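Notes follow the structure.
We just call them A, B, C and D in the order they show up, numbering each chain from 1.
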Amino acid sequence: MSAPVSPPLIATLLVACPDRKGIVASLAQVLYGHGANILDADQHTDPVAQLFFQRIRFDLSALTTDRVLLEAALREVGERFAMNWRLAYASQVRKIAVLASKLEHCLYDLLVRHRAGELACEIAMVVSNHAEPGPIAAHFGVPFHHLPVTADTRAAQEAQLAALVDGAGVELIVLARYMQILSADLVARYPARIINIHHSFLPAFVGANPYRQAYVRGVKLIGATSHYVTAELDQGPIIDQATIDCSHRDSVDDLVRKGRELEKRVLASAVRWHLEDRILVYAGKTVVFD
Amino acid sequence: MSAPVSPPLIATLLVACPDRKGIVASLAQVLYGHGANILDADQHTDPVAQLFFQRIRFDLSALTTDRVLLEAALREVGERFAMNWRLAYASQVRKIAVLASKLEHCLYDLLVRHRAGELACEIAMVVSNHAEPGPIAAHFGVPFHHLPVTADTRAAQEAQLAALVDGAGVELIVLARYMQILSADLVARYPARIINIHHSFLPAFVGANPYRQAYVRGVKLIGATSHYVTAELDQGPIIDQATIDCSHRDSVDDLVRKGRELEKRVLASAVRWHLEDRILVYAGKTVVFD
Amino acid sequence: MSAPVSPPLIATLLVACPDRKGIVASLAQVLYGHGANILDADQHTDPVAQLFFQRIRFDLSALTTDRVLLEAALREVGERFAMNWRLAYASQVRKIAVLASKLEHCLYDLLVRHRAGELACEIAMVVSNHAEPGPIAAHFGVPFHHLPVTADTRAAQEAQLAALVDGAGVELIVLARYMQILSADLVARYPARIINIHHSFLPAFVGANPYRQAYVRGVKLIGATSHYVTAELDQGPIIDQATIDCSHRDSVDDLVRKGRELEKRVLASAVRWHLEDRILVYAGKTVVFD
Amino acid sequence: MSAPVSPPLIATLLVACPDRKGIVASLAQVLYGHGANILDADQHTDPVAQLFFQRIRFDLSALTTDRVLLEAALREVGERFAMNWRLAYASQVRKIAVLASKLEHCLYDLLVRHRAGELACEIAMVVSNHAEPGPIAAHFGVPFHHLPVTADTRAAQEAQLAALVDGAGVELIVLARYMQILSADLVARYPARIINIHHSFLPAFVGANPYRQAYVRGVKLIGATSHYVTAELDQGPIIDQATIDCSHRDSVDDLVRKGRELEKRVLASAVRWHLEDRILVYAGKTVVFD
């Protein structure tokens, strides 16, 4: 059922830097020189921002040197080209925390997908301000933390949350229809490390009750948007979006039902892509290598 | 190629009224009593607004009375239930005017579809403030009117336009990427009789340059929206919407190209549905019977 | 969470009969005459087969007579027009059985949707030839029956299954990626009462391993199909279908992952529509009233 | 309107070869060594077939050597890695021939898109066995050749066609709903150089009247497929596919109308991708670099 998602001897390199001649050749040369075999490589140049982005997935099993030397060589190239780079080994299991509310469809969805081997990570914990997700986490064998919150206790609750997350070595926080707005402080602590699902096709219908807003406006499609959380509400870099047709027949409840479908899908894809090191953030947008 | 789209002995009844028991039975009884055979019937009740809407398409070929008596009977039912109703005979060819600019993809699209028999109407004229659409109209055998316009001559130009439209008995004005904003006066003259295409998934990206706005925001899908024109810009009742995926690879030009696809499709469907009497407008929204 | 899906005083009438004048008027008259208020009505005429189909949803709360008299009147109309008709009261909870294998995504999906109030039924049991679905059923509070099967014991196992299904008053059997082929006898026992999901866009890739077939052929989209089960494998009346883009980058495993998405969606819609009395079967096809 | 689609100093390299370490580094080194700047690079490895594919788009404007030396260096690398490679300069305008019938929607679509600058080519001719496309070609300023055909004259007509195509230096033949089946000889003459549109989601509904086949089977979506033509009917490598929902309401004529939409779209994308050197064919399938 849950076969190992990524074989252990694979690494992924993500690079962003000012565009210049020779970047591709230099990186390819370093990898080739150390015996790494490139499995996939994808690149993008933003001609307006004059930036270069690349994702390289390579096989380490026939490395002729070792990881220390390879990383040193990458560091040298990185300095030469003023690169922002990150290297991830598939053998190093990533940890995520899922924050949930009483709306359980996204929570179930992530847990079932994880169990089917779709998400290359350990779900280190489910956290909620409600008790209800507890039995769900238990069914999937995931630790659960109940952290109730009121307007007055927000700071303390967020401190508890941060302690749990940091204590467990969690890399990514997933807001699975978590209905609390995180403080600017908490958001700043985890840049491009918190993924949220907003139940509209942003930038339409920012804020509360987007399905009701959609109903009132009489749109003929509704959407959902997964994005990294930033200080400004619903303004973070968009990772994935999807829409579905609707009509005059759809009540607000129908829109909610149809929307759940989209929410699950675009949240799961965002989490999967993050875990597969496919996403780079710049200028309030994302590059998502497929 | 262009077979007659609608057989001549068919009529379509569109009804809107306060919801009440007995409406369906009364209308069905009138039609049955006069020998009309119902081909399609679709209805909708808005439980919030407590309104009833119905579209009935029926065959007149075996009418046991005549149209005058049938219409009188419908008028009686209409008064009894405070109905807003409209009866259209397929034998009566509708006329439309297409307003175009130098962006010719929607203009071509409508003309080619008309030629293929998709639009049950006569395209009575193509009108533009540019000369370029002239040869296109000519190729399809449609009269062309070149009505240049400047900020100073808008009122006069719109008067000419209205004269042309009214003189020809045009029922529907289609703005096929016509780049001029119509005056409130002109819009008021043709309520629910002007269809526009806006090149975004409204209500996102209202106003100018929506593809550029989409590019800057970094959305992962773009859209197009056809709607009836009202006094407030891009706020009219939405008829159809569609979206298509995009990515970081798409330049503004790519978005424009992808968007043309959607614009053509949702404008054509809106025009087709209008001509087939499928659309009812209320509360700033549309009911579109499929 | 799981609010009552259907208010109790609503009924749905499904009708199929030879097309003739007066059907709509007669049915509407019967309902009106007994004080029923039509909430939705949808009809379809197949001009080739000369058949008429209708679905009417109506409110019984202000009935001026009673159900017995209403049903007698419907029976009279039904005989007059040679109707095949069926009346379902929302107050009468339907029971379904879900047959599962080790592939658990569709099973989870149905159970989670049911819990969210999307499926108007009681899930009376989960049945499997494997033990694995047991804990899943238990988590959702649904009885589980483990019925192992071999080639030699098929007849006996199916007899047990039928006894369970009939004993519990199950109306609909859902094959949620159940990997056993049912015998012709069992299928014949439940006409238009067994829904299956096939993991391709039928009629392409009938039979085993459709994702591998798709990979080998190099298609650019994959699909899933929900259908009623008939004696001939993968040939039953299609209820819903969906597709998703794929590319040369997708391995068979990627296709399997993408396909799960579709399988869940089209199986759930088929079950929901069946339970809402939206489906009529004729000529090996379905009418699905939306 | 029809701005130059591709700036002149850009080239695209397409490569296919057995997978081996060092390919990426070698090619990148050659380009860098000659002063070429990589704009886009995309690669794919088929782990089953153990083949490597790459598309590199690069800027020649700052070449430090010249094209002759660059090509010689590529040839050397190509030999070393047993590459099948092809280099195309954007400055070299490609020529295509469009073969049409009386069904004109795809023909119009390609001509309008070309005029909008979507297709980086010269449409050297429109050819048909019917006279009707003549005025359409004329409107767009494209030479038209009327080549009538009967069962008896097929060989002669195809010889005329080949003479026209070869005489004009046409690289790609586009069958825009051309209703004639080409002989095996003609097909063999233009391997991976003839693109056809089939009006179903292959491999479903091979052969004649796919929309009628779809109607009879009662599918809930219809599709269209663009593919390279090979000797076996409708079996060539698939380039693009799309589907659209349909329902019991759709007559065969409705399916035909809906299908036109898809046919136009997937034929145009196939032609565009071919002209942008995005397609590689192997094992009866395509790699399409986006």
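Rule of thumb we're sticking to: contacts are C-beta pairs under 8 Å (C-beta built on N, C-alpha and C of every residue); 3 or more make two chains touch, one makes a residue touch a chain.
These numbers were taken from a predicted model, which means no experiment stands behind them.
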Going by C-alpha centroids, which chain is farthest from chain A? Tell me that one.
B
Degree value of the rotation bringing chain C onto chain D, based on Cα positions, nearest 5:
180
How would the chain A/chain B interface be labelled, same or different, where same requires over half of its residue numbers to be shared?
same
Whole-Å distance, C-alpha centre of chain A to that of chain B, is 42
Dist(centroid_CA(chain B), centroid_CA(chain C)) in Å evaluates to 37
On chain A, where are the residues touching two or more other chains?
44, 249, 290
Chain B - residues contacting chain D, complex
1, 102, 104-105, 108-109, 112, 115-116, 118, 135, 139, 249, 257, 260-261, 265, 290
Any idea which chain C residues touch chain D in the complex?
44, 46-47, 201-205, 217-221, 223, 225, 237-243, 247-249, 251, 283-288, 290
Touching residues of chain B toward chain C in the complex: what are they?
21-22, 24-25, 28-29, 31-32, 35, 37-45, 62
